[in-house]
Structures are given as structure tokens and as C-alpha cells.
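Step one of this worksheet: look at the structure below.
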Amino acid sequence: MRKLMKDQEVGLDPYFRYRGKNQTRVEAFTDAAFALGITLIVLSTSAPNTFEELWLSMRDVVPFGLCVILVMVIWYQHYIFFLRYGLQDSRIITLNTFLIFLILIYVYPLKFLFKILFDLYVGLFTSDREIFQQLFTSVIKLEDTPTLMMLYGLGAACIFFTISLMYRHALKISSELELDEYEIHETKAALRTNLLMGIIPLLSALIALSGLFGMHNFTVSGFIYMLYPPVMITHGKMAQK
Amino acid sequence: MRKLMKDQEVGLDPYFRYRGKNQTRVEAFTDAAFALGITLIVLSTSAPNTFEELWLSMRDVVPFGLCVILVMVIWYQHYIFFLRYGLQDSRIITLNTFLIFLILIYVYPLKFLFKILFDLYVGLFTSDREIFQQLFTSVIKLEDTPTLMMLYGLGAACIFFTISLMYRHALKISSELELDEYEIHETKAALRTNLLMGIIPLLSALIALSGLFGMHNFTVSGFIYMLYPPVMITHGKMAQK
Amino acid sequence: MRKLMKDQEVGLDPYFRYRGKNQTRVEAFTDAAFALGITLIVLSTSAPNTFEELWLSMRDVVPFGLCVILVMVIWYQHYIFFLRYGLQDSRIITLNTFLIFLILIYVYPLKFLFKILFDLYVGLFTSDREIFQQLFTSVIKLEDTPTLMMLYGLGAACIFFTISLMYRHALKISSELELDEYEIHETKAALRTNLLMGIIPLLSALIALSGLFGMHNFTVSGFIYMLYPPVMITHGKMAQK
Amino acid sequence: MRKLMKDQEVGLDPYFRYRGKNQTRVEAFTDAAFALGITLIVLSTSAPNTFEELWLSMRDVVPFGLCVILVMVIWYQHYIFFLRYGLQDSRIITLNTFLIFLILIYVYPLKFLFKILFDLYVGLFTSDREIFQQLFTSVIKLEDTPTLMMLYGLGAACIFFTISLMYRHALKISSELELDEYEIHETKAALRTNLLMGIIPLLSALIALSGLFGMHNFTVSGFIYMLYPPVMITHGKMAQK
């Protein structure tokens, strides 16, 4: 039987020599924490006992789905990093512990924010004033929304900056890792990508904190995230050169 | 000592060259999520404090067992797919994230449906009218049963269609994967199997949604699942030719 | 640098050619379920808020520790089986699914029984009549104790019989697995060990069910477990011949 | 393409021949339990429903972060041990089971202690007398604080002594493991490190238990942990010679 050439490498960059193809314990540990995080986003702690409870929980499918996508974007960055460099030294383990901690404390604020945003959009599209009223009295006071945006922004910024620090560490020991020119170029690009992914939420958090835009603070700090597509596309194009 | 020939391949198809024998992180991550899902089906959130609570929880062994079988059928499809192709490119990771999300939001409706169905059958066999009365007043209103069947059917359909999309992706990049004729044939058969496994619940959901059968909607949409054995056996025979 | 001869094989039987040294997904999945089971034994669902709650939870360290040992004995049987034969065919996956299901439904009854037994022994040693009174009024009625023993016995019996079935499957396909004479002998011994480990709780369950010993049923069905040490030691000696 | 020399070994000791580079099930199992432990430290069981609840939960980020660091220090010791010797014999599995059990019963007392300590420091820095009053009436009585220190100290001591026993086992079978002189030296150093890491909390527990320092018992038994840095640095210097 003819031997397979590219066993388990389809879809990977053929010019990058992946050093971490064997899963280490650091990754196994992180995956368990991520899986727990996602489960805690999606599932409430108690199963529904009546159909009404079940039906109400279905409402949250959209916001929870968005949260899962977000967490998986972070997981993917983590996955690519460990696949590329296969590092498991004490510095990476320290950064990774910090990352797991950030993800876990970030899970509930994320869930909370996305439920609110979803209710807001439902309220906007259906012009249902009651939704707003209920939201801004029993769930969150209007004056607390900038604090929420700040929490969310700081969390996201810390997460992506931690991944950036991981890439910086890989760059620092590039000679030990025997990175060639192409691999160094790719590492630098990934470092910049993660820095940019952290700067946007940091900007949003700072705006929310500053109170510069008065009562529009919540809206403005939210719309900052619109910068993601243009910034990422421009950066992607520049990195390819 | 004589070397073992077929190490860890007993029971696998000898004509298919399995590309994913080394477990990737995508699989480890998914397994953790599946294990959490199954645990949440079987266990209530708090341990019983009295024997009565313990005894009551034993009632649910049968419906929960059926749920676990169902989730494990999905797991087995997932397992075979990754064992065969060992894919871990971004498209498969995206589909896989969607699959995990579906499984997790599907866990509680599944548990809910099977508890109701079990109560119904217990009621039918024991001719205990009180069970029905209690079920259709405090747990679910009779007019909500089609909606439950629709939820269940849509969930199952989405899950199997997502696995179908995974197989379609494997087919698309068959030359990169170096699939030979036999392997392509098997991949196509698996794609069709998963499509069929999704079409039956979709049909059931559509019937439940349509309201065509009036008060028999719940029953009819349930009995559609009886199609599984004949359809699967016919397809199995056709695939072997 | 001199190559290591017995890498990762210290403590294993040198005459048995372990076929399952690479962890499969079946094992990873099972481990996640076992870890969840053990966590649910040890931890209550909510963290203590006051020192009194914390102190009360410390009481359960002994019974919970015994539960963990029991679950780990089962895990060890599972571990040895998969290490030996590395099987992952559909029959083993089916048996394994059943095993995971059994473990998970078994976790809470186990926890419940051991808490009661511990309270009983504390009551006996301290001659504190109030403990008995409280136990047999608010926790479990005296007449329900045989049912508890039956539940516990049946669960344990099913678990070890499932592992026995796994060994029987390994024996059946021994030529495919290329088991040599020594390996077949060891497999048969393991099959018998697990059968014996299941027969003792089955006996206890039958006695509890029979009601033969009247009000001493609970005690008699409990003392049956004393058979473990003599039976296991006798069997161990016979297997070595 | 040029082969990589030091694949997945960057950051590891080049003079130590790591015997456990392939993750065993013992490690996978332990990692799942550790990940569950950390998740249970960080996350309360129910997600916040209002912004106030969310904001209150943010308070605990600092103490929970410290708990996570502590648990990860233990994880790192576990990780290094299994990476070095790759042992999976029955003795190591027994010790490892005991370790997992200790970690899980230790999680909630740890969380409890660090929340109190954090409140104490907040109270000290802000000179807010009300914090003290609330803490020592509704959370823990002042006379119970030595018991808490004892619980915490005994837990930590048992954990590090268990890891010490693992190292002692590795030393005992050093000829089977084919440890060379350097590796034996490193093993002995690690054994001493873990003994010292256990002796300090044991000392603290004994002081707390003794009641020697009267009302200052809580403070004195806490300050014992200040011994960690000087003891560890001195030992580190001696081990290098």
C-alpha cells in the first residue's frame, strides 16, 4: 500500500515546519478549561423542567452562539501557536496559566454583555419599548453600561496581549527553535495580528472609561469594534508583502 | 519478540488508510465537550440528600440512557470522520465549533423530550390517567408538543447536516488527501448516510411545523422516526454494491 | 547519549505486548467522564460561604475518599484493558458507552451510601443514638435500606460484568489481536477477575432483594462484601499457576 | 527540508533524558481533574443575571487569581515529574489518585481562605472597620481562624508530601529507569524541594493547632509562609553545587 505523503498536514502551511504536532499536557489542560468555559456559556446550571423554561432558554441561542464564536477565535490563536512552536517551557506555562485564568473570568461578563446586546437589537428591530425599560431597570442601569464595556474591553485586550507575549517569547528564542527566515516573518506577523486584536478592545475600554462622549459612551465604545474588519484586512494585505 | 502487525487497527476497515490516528487537539477539545454534555444529561446538578430523592432520580435511568445512546451515535460519526481524514484545517475547525455548539444547546431539549416520552409510555402501559394529566398541565401544554418536536427535529437535522458538510469538504480536497477510488466511494457513502440521518428529523420538524395533522401532529411527527431502520438498511445495501 | 531501553514501560508486565500505548479518543473521552464523576463525588455544587459550611463539608472527606478509591479501581481496570489490547472497534465503543453511562448513574447512589455508612460507623463508635435517629428518619427509612443495597449491588455488578464482556471480546478476536499463549492466559485471568468482582455485589443485591434475613437484610447484604479479600487472594494464587 | 533537531524540547533540561514525552492516560485524567478544579475556583455555579451581581463577582478576581497560581504550582510539579520519568505503574497511580483527591477537597477551603485574606487586606488598607466586623461575624468567628489555617496547612502539606513520595518511588526504581548520575542528583533535589514545600505548611498547621500564640495564632501561622522565599532560594543554591 502506497504511503501517504502529507498525513495530517492538509490545510497547514507547507512552508512552516510545525514543531508541536504531538499534543503536550499544556494543550490538553487548556482544552479542558476551554471546553468547560464553552459549556458554561451555553448551558445554564439546571436543566429546564417545563416547556416554558425550555422555550425561554432557546431565546439565548443567538447571543450564546456569538460568545462561543468569540471564545473559539481565541482558542484558534492558541491552537496555531502551540502547533507552530510546540513550546512547553516555564515561561509559556506561566503565560498560558494567565490566559486560562483570563478566559474563565471572562466567560460570564461575555455572556452577560451578549445577552444585553441581543435584547437591545431585538428591542430596536421590533420597536418594543418595554424590552428597553425592563433591561435598563432590572438588569443594568444605563449609567453602568460604560463600566460593562470597560470590563469587556479590558478582558479582551488582556487575552490578546497575553497571546502576543507568547509570540514575542517565540521570537526571542528563535535561534533555539531554529526558526528560518520565513518562519520568523510569519511569527512577527502573528505577533502584530494579536497586538492589533488587543488594541481595539483596549481603545473601546479607554473610551468607555473616559466618559468623553457623555451619554453616547456606551454606543461609541461599542462601535469601535467595527474597526476590526478594515484593520485586519489592511494588516493581512501588508503581511503578505 | 515478534513485532505486532496490526497494532491498534483491529476492527478498522483494512482497505481504508486512516489519516488521523494521532489524536489532534480538535478531537481532544470535542471529546471534553461531549463528555460534559453526557454528564449533564445523566446527572442533575445537586446530589440527592434523602433516599426518596435518590429513588426518584432512578426513574430517569431509561430516558437518560436513550439520550446518551443518541449523543454517542453522533460522537461515533465524529470519531470515524476524524480517524479517517485527520483533518484540522480552518474550515473543519469552523464546522466542528458549530457542531459542538449544536450538541450543547441540544442536550437539554433532548433530555426534556425523552423524559416526556418515557412518562407517556409509562402512562400508556400502566393506563395511569394521572400521569397524562400531570404531564400536560404542569410540564407541557398539549398545544406545545409540536413545537417541541420541531425543536428536536431541527436540532438533529442541523447536527447531521454539519457532519455531511464535513464529508463534503473531505471530498472536495480528495486530491490533497490522496484519497484513492475505494476511499472516495466510502466517503460518498458516509456523506449520503449523514444526509439521510438529517433528512428524517427535518421531515419530522416540517410536519410538526405545518400543523397538517391537527391534533395528531405530535404523534405523526414522532412516528416519522420509524423511517430510520428501513431507510438505513436500504441505503446500506445500496452502498455495498 | 545512550538510548533508553524501557521507555515508559517501567512497572508494566514485560511479557505482555501492550497494543494500546497510544491513547485513543475512546480513552480520552472516558477519562473526561471519569474525572467529571470524581469531581462530582468530592465537590458539592456550591462553594461554602461561611466557615461552618466549610467545616461541615470536611466531615465527608472520609466517605468521599472511599468513593474515589472505588471509582479509581474501576478506572484502573479500564486503563489496563485499553493499554493491553488498544481496541477501538464498534463493539468495544458500545460496551464502553454503556460503562460510562453506568459510572455516571452510579456516582450519586455511591456517594449517598458511603455517607450513610460513615454516619452509621460514627454512630456506632461514639454510641451516639441521636445520629441513628436522625439518619433513619430524615435521610432514609430503615425499610428502604435493602433497596439501597440492591441499587448499589446491581450497579457494581453491571460495571464489572461490562468489563468482563470487554475481555471476552478480546478473547474472541485473539487471533486478529495475535495474542500469544501467555497473553491469552492473562486475558482469561482478567476476565475471571472481573466476573468475580461482579458476582459478589450481585450476590449482595440478591440477598437485599430476597428479604430472607428480615430486619438483618441490610447488615447481611453489606457483610457479603467481606468476601472480596479471600476470594480475590484465592483467585490470584490460582491464576499464577 | 532540513530536519529540526530539538523538536518540542526547547526550555527543557538538555542533560535530563525525559522518559514521559508521550502523554499517558494518568496525565490526561489528572489534567481533566485539575481543569475542573480551577474552573470551580474561578466560576460560581450560576452566571450573574444583573450587572450588580457581575460587578460583585469581579471583586474576587484577585483572590481567585492567587488560588489559580497556587494550584498551577502544584500542577507544574506534577507535570515535571511525569515528563521526567513517564511512570505509570500501580504505585504511581495510587499516589496520583490520592493527589487528585487532595486537590479536589482542597479547592473550596483554598478559595474560602483567599477570599477572607483579601477582605482582611482590603480592610487594613482602607481602614474600613465594617469589613472586619462583617467578616468576623457572618463569615467566620475569630476563634475559628486557627482551625482554618490548620486545614489549609495540612492540605498543602499532604499535597507536597504525596509528590515527594512519587519522587522517592522514582529514586527507588532508579536502576529500572536507568537514571544516570546527573538524573539521580536532580531527582534527589526535586524530592527535597517538595519535602520543604510541604514542611512549611505543616509547621504553620502545627502552630495553628498548638494555640501557643494565643490570639495571635492566626497571624503567626500565616506569617510562617514568609519562610518560602528564603528557604527555597537557599535550597536552590545548595542543589546547584
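We just call them A, B, C and D in the order they show up, numbering each chain from 1.
Throughout what follows, contacts are C-beta pairs under 8 Å (C-beta built on N, C-alpha and C of every residue); 3 or more make two chains touch, one makes a residue touch a chain.
Computed from a predicted structure; not experimentally measured.
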{"item": "Minimum number of chain-to-chain contact steps, chain A to chain D", "value": "1"}
{"item": "Chain whose Cα centroid lies at the greatest distance from that of chain D", "value": "B"}
{"item": "Interface residue identity across copies chain B, chain C - same or different by half", "value": "different"}
{"item": "Inter-centroid spacing, chain C versus chain A (mean Cα positions, whole Å)", "value": "41"}
{"item": "Inter-chain centre distance, chain A versus chain B - centres from mean C-alpha coordinates, in Å", "value": "29"}
{"item": "Overlap residues in chain C, where contacts from two or more other chains coincide", "value": "22-23, 28, 32, 36, 45"}
{"item": "Chain B-facing residues of chain A, complex", "value": "1, 4-8, 10-12, 21-23, 27-28, 31-32, 34-36, 38-39, 42-43, 45-51, 54-55, 57-58, 61, 64-65, 68-69, 72, 75-76, 79, 82-83"}
{"item": "Touching residues on chain D, where the partner in the complex is chain C", "value": "17, 19-20, 22-26, 28-29, 32-33, 36-37, 40, 44-45, 85-93, 97, 100-101, 104-105, 107-109, 111-112, 138-141, 144, 147-148, 151, 173, 176-178"}
